[in-house]
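In what comes next, chain A is part of two complexes: it sits with chain B in the first one and with chain C in the second one.
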Partner chain A sequence: MELIPQLIVSGIAAGALYALVAIGLVLIYKATEIVNFAQGESVTVGAYMGWLFVTEFHMPYFPAIAAVMAASALVGIVVERVAYRPLIHSPPFTVILATLAVGLIIKNAIRLVWQDTPRTINGALSATPLEFAGVLITPERLAIIVTVAVVVTALMLFFRFTKLGKAMRATAQSQEAASLMGISVSGIFSKTWALGSALGGIAGVLIAPLIGINTELGGVLIPGFVAAIVGGFTSIPGAIVGGIMVGVFENFAGVYVSSSFKRVVSFVILIAVLMIRPSGLFGKPVRKQV
Partner chain B sequence: MNLLSSLGKRAGALAAALVMTSMAHAQQDILIGYHGPMTGPASWVGLGGRDGALLAIDEINAAGGVNGRKIKMISYDDGAKPSEAEAVSKKMIESDKVFAILGGGVSNVGIVVGEEAHRAKVPYMNGTAASPKIMDIQSRWIFSGATIDIRDISQNEVIFIGEYLKAKKVAVMNATDEFSQTLANDVIKGIKEKYGVDVTTQQKYNPGDTDFSSQLLAVKQTNPDHVLLFGLYVEAARAIRQARELGIRTPFMGDTSMMNSGLLTVAGPAAEGLTVEYVPLYFNGNKAKDMVEFEARYKKKFPSYPVDRPNYVDVYNYGTMYALAEGMKRAGPNMTQKGLVEALETLKEFKASDSWPNAVHIIQPLSFNEAHNGNRRLSFHRVANGTFQPIADFKPPVPTTKFPANATLKW
Partner chain C sequence: MTDLSVTTTVQKKIVGQPAIYGLLLLVLIALPFVASSYAVHILSTMGIAVILALGLNLLMGYAGQVSLANAAFFGIGAYAVAILGNRYGVPFWLAVPVVAVLTAGLGFVVGLPALRVSSHYLALATLAFVWTVQVVLVDWVSVTGGSPGFSTSRSGLGIAYLQDDKSYYFVILAVTIAMVVLALRIIDSKIGRAFMAIRDNENAAEVMGVNLAKYKTMAFAVNAFYCAIAGGLQAGLVRFLDPYEFGLWPSIWHLLYIVVGGLGSVMGSVLGPLVLVALPELLRPFAEYRELIFAFVLLLTLIYMPQGMAGKLQEFWRRTVLRRQAAAGQLPAVEKSATLRNQARSATRLQSRHAPTAENEMVLEVEGLHLSFGGLKALQGASLSVKAGQIRALIGPNGAGKTTFLNSLSRVYVPDAGAMRFRGKPLLDLKAHDLVALGLVRTFQTIRLFGKMSLVENVLVGMHAHLREGFLGAALRLPHNVAQTRAAREKALALLAYVGLDQLADTNASSLAFGQQRRLELARALAADPVLLLLDEPASGLSKHEIEELLGILRTIRDQLGVSILLIEHNMNFVMGLADRISVLDHGVMIAEGTPQEIQGDLKVIEAYLGKERAVAKA
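After this line comes the complex of A and B, so read on.
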């Protein structure tokens, strides 16, 4: 096994998960200007829903993924209507606190029902590694990378060619102008939250067979958040690049610096990128007229 | 005469009031404080410790309580954080005025609570934490129940690695919490000194981590014949599974916290061949009469709990609570906190079933030696065909080392 290529491939596999979380963060922020600190819990919700559909309702794995997406989207809509819509004119800090509170409520509600006992899903793909030129990767982890690629492509096509996608882009650029053009801004908000939550749900159901399911899965928010900032908090391609950078750099730091340093490295990347390019790698500088 | 009669009546009333107060006091519940992490990655420790103790308390109270008094337990979440542990200790001691504290926390929290209990002169029975720093406070107020000191775990592990596994080159992966770090360092020192084992690398990870590829790849590079894993079972399961994904076929050896069916759930077939230690007498599903009875009672009290409960922490604090109650019983009806300590020190090879009619015996017998460590025994197991099987051909000796060598416990 070649170490450096393996570190890169394993890093990309880990970073793909961070990228999925980051894309959800970016989507919601672009349309609503809200940083969703509950995005990590949408991964947890997706994982538990996957467990319910596969293990309790005996659904095959791939249809369960579609079911999780739909269910997660519904959860996103409900949360937006109940927790965030009433705060639409509130100061940003209030809304941030609301997202933190929602995250805590979701986590503890799950804990109340299912305790903290780890669960798992039997995925449909093999855990036996495949070898490509001395580099090992399992079909399960390859699926996460492929999923990110498919999601990004689908989102690009969605925003470019569909009416709803264009409406979302218009709302992200200017809520006032979009409203004047007849776009229901509140309706767009709901659909954006649905999409962001669905992405978190996909991440949860994909990662569940690999690492098990417990109420602490939301911790993936931190590297996802770093990935979103590194990429520029308004860029979906940036979120992917940011996620992969975090995953790969963590791996290299863990081997060549110290395993204790691994978790710290994502923040080192963050500071380094922001010092050189404050708007992130792909973000556009924001100018305010005073 | 009238004056004498009046004084006599008043003295009688006063005496009656004193007797009534004494009886009321004697009939008051005995309030125990409990702490453990009930949220966060280590919540299975705190919740298990609490629920095992609650079951024991139900049984003790149903049998008439302790010298006619019922036990009542008030529980607090310490979040596995020393900062919260300090606040929780002060609340229990100063505000709730608990008579004694039962610990269900992790090691770094046990140290804080132990220090507070010593300062306040409140008996502290640690049921779950294993750090030697708790007992090194050298306080007569502090006891360690069904759990086992890291020094005893490491002594047994060193012998197992050197004489049973016959390992020559090992890699170590340990979590950064107090228990895992201390145990890993002790074992590394022991295997190097006693058996000349080569430790090829020591990799660290954090509780809650989900990706271990860099640590595992660093381990793979050194080509060890065994990997020693120290940490909590969820992360261990993930690491073992990911090791197989990266083509690592090396056998793993885990520590006492990993003999948990949750590990088998998450790791799946990747766990085959894992060796671990276990401290209580029986693992979940064992057909021994006492374990069958315990699990039945547990499921009756907690019907909605998942299949891997009770876990070993439930078992620890079920047995430890009985030991605490036994100390209270021996301290007598006019029990004081100091009296409880002196009574606990008389427990030798204590089995709950010997003196409590409802109790089942599922932990190692407890003897509170000079250092107040109740249990020094454990056993070894291997994962085979998806379950933990005892390793019958290896019986570790019971450690006799005193630690510290010249321990002098202080009031």
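After this line comes the complex of A and C, so read on.
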């Protein structure tokens, strides 16, 4: 029975990462109605940059995260410039394919530069597990939960109190009204893509010590995606709840059902949500307009 | 606009050239005798890729439904045929069609989420499927052989006599050609037009009687069928099946085939795979950069060639022909204003199939309709009736609830209370797509045409509810289908003549001028053989001249075809000149009813429009 709290805690840690990826997707979707398929690559870029800054340049862990955010933000800016802006009047599906193409280009560029040798970020945090009320947690997992909590809080404050945050919210609600109020909509788009990708980058640094670094890290896009949908795709709290749900369910499925099931559990959740509540747990049902 | 009509004639020139096809076929037959066995293998792979691309294009390019499940159905087809043959001795020629039909059934099930969600949610639901299939193929080792793959051979499949790669290539060639022909036939049938109508405008398709649920799931079933056929052929082509060739990335690969080739184009479904299968073979020395190069090809195609190779090719042909015509001094024919001239002639072809309305029959009766949106009470007991052969107008100030009223009639909104009967039948028992078959047809305030379909095709969608054509009929082109299609086409052309658009029959609807779009929408509604036409602001946006023309058309529709009309309209001159009876709606209730003269003098109406003071002044 003591397994259960253990599974929940490590599930929350994994889920927090999914939530970060999901929030990045949600921010970009709210602003531009595009699902950024290159989000997985910002995670990969984040992980490699984390390795570069921490392991190679011996930067302290937390300042390194800031540097990583900047690098991943750049990925978002590039994707926005190359895939979104030239296709702004195309159907969303075309743009989504374009983000996928840019993601592939980034992934292959990384592969060509650093080859396929797996890497990891080590030595930043101690490996001895800590114990809280009988539940063991590694400092790495604890760091994930704490960092994500800090990032999400900062994000909420940013949207509530800063001028840029408010401008982003306004643009997400109505591009036309925002531009009439003197907000540069295209500038906001660019910054939103940067912010969304930066969040992916943080996920990359945090995930690296757990599963190592390789060019397939972008696969975390999929649970992140499911998390976003479960949360309604337009809600940050929804994305967090969705992420944690996926993380915890995965852990339980892996232990109590089978490891194959662990790999498809997020889809089971996805289908269940789509069937029962297509607008997601936190989304608002929309009356069909004609 | 005029040059687009040339596109289609050019298309016909290319498409209708048997000599070119004969030559192409000869080349394809001769190739294996001169090519190396490696090249024959590549050609066979191309054939399979073409079938996969066709299946995906029918679903995405024609029916407009996003799917990432292509490779999953491909894998299911391949593994099923291979396992049945190699392990249980089921012969290839039996296994392939049976597996294809069963996989089509599975496709139907996978398509079910399409009824509830769209676009990227759908992409995800299908992604979930492809992922699950991949896990099953890798993890169910006892059946699929797990990640090392599943060994298969032609002798194991019971087709040892095709051991020679050349013979097997001919099998693939024949099946590929058959699948191309099948695709062309589906597209040029009631089913294909329903697909395209859903793609171009779901609401309008439904209002024209297209059962969205049926045709969306059918598109998925057709897609799965194509993929499973390709899979069956793959089981015979390769020595072993690799589960990783049926996952998400191969699905995206198939997507690339049709994006580069051309979405919504059969020619594109053939061209895309040819290039994209050949390219990696040519790029073998740069294998490391393969994915990178493909990603660039995809990105550049999306930005600079969104219609794909097929689209570019057609544009090129069109320009060439135009240049030649210009040089020869023959400019394309310009539309003649041919409205009323044709009507008498065409009306004879437009006999209604519904039981004729009796004199004084109440075609439509609406009583006490209530509908609220949250706190807003849009309709508060609105009642209205339309007698056979009557033109009734529903007017009222902005926000009176007119469009809500019409949307309740066409079953877009469900009223909270009230009764609606059409020729005695309660409308609440019917679904939106059932209304057309009974003779209740509407148009929209903002015109909803099927932009990427030709004018004739638009009108043919209007006949959807009355045409009898299933998948087999479309595939086999039975005499009954051929005759029906010919009659339907003639009727469509007659209807286009009726509204003066017959000269533009083969142009795309999106290239029409605004006034022409209104007339096309009317022709499409007439094609549905209405007893009662519901028109939502038919005169809005039209010029004075066009309004007069429309007035004439609507009067003749009533006089010659006996169609009753209920219309919402703001243009008072138009309403007063056309309507027999007028109902006035204000704040969700009918405040007046009568002839145009009576309404013009009604104080309550004047008050509703102009306020109390003016009403008093007038009195």
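Here is the rule we use: the second predicted complex is superposed on the first by the 285 of 290 C-alpha atoms of A that agree within 3 Å, B and C clash if a C-alpha of one lies under 4 Å from a C-alpha of the other, contacts with A are read in each partner's own complex, and residues count from 1 in each chain.
Quick note on the criterion: a contact is a pair of C-beta atoms (placed from the backbone, for glycine too) under 8 Å apart; a residue touches a chain by one contact, two chains touch by 3 or more.
Model, not experiment: these values are computed from the prediction.
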| item | value |
| --- | --- |
| Fit-or-clash call for chain B and chain C when the two complexes are aligned on chain A | clash |
| Touching partner for A:10 - first (chain B), second (chain C), both, neither | first |
| Touching partner for A:274 - first (chain B), second (chain C), both, neither | second |
| Which superposed partner A:117 touches (first chain B, second chain C, both, neither) | first |
| Contacts of A:129 with chain B and chain C, given as first, second, both or neither | first |
| First, second, both or neither for A:260, with chain B first and chain C second | both |
| First, second, both or neither for A:102, with chain B first and chain C second | second |
| Steric overlap of chain C with chain B in the superposed model, located at which of 3-11, 111-119 or 237-245 | 237-245 |
| On chain A, the residue positions that both chain B and chain C contact, one per complex | 108, 260, 263 |
| Chain C contact footprint on chain A (complex, rising order) | 35, 82-83, 86-87, 90, 92-94, 96-98, 100-102, 104-105, 107-109, 112, 222, 225-226, 229, 260, 263-264, 267, 270-271, 274-275, 278, 287-288, 290 |
| Chain A partner contacts - residues on chain B that touch it in the complex | 39-41, 43-44, 47, 176, 203-206, 208-211, 213-215, 217-218, 220-221, 234, 237-238, 241-242, 244-247, 262, 265-266, 268, 270, 305-306, 308-309 |
| Touching residues (chain side chain A, partner chain B) in the complex | 1, 3, 6-7, 10-11, 13-14, 108, 111, 114-120, 127, 129, 136-138, 140-141, 207, 210-212, 214, 216-217, 219-220, 247, 250-255, 258-260, 262-263 |
| Complex contact set, residues of chain C against chain A | 66, 113, 116-117, 119-121, 123-125, 127-129, 131-132, 135, 139, 203, 252, 255, 259, 288-289, 291-292, 294-296, 298-299, 302-303, 306, 373, 407, 412, 444 |
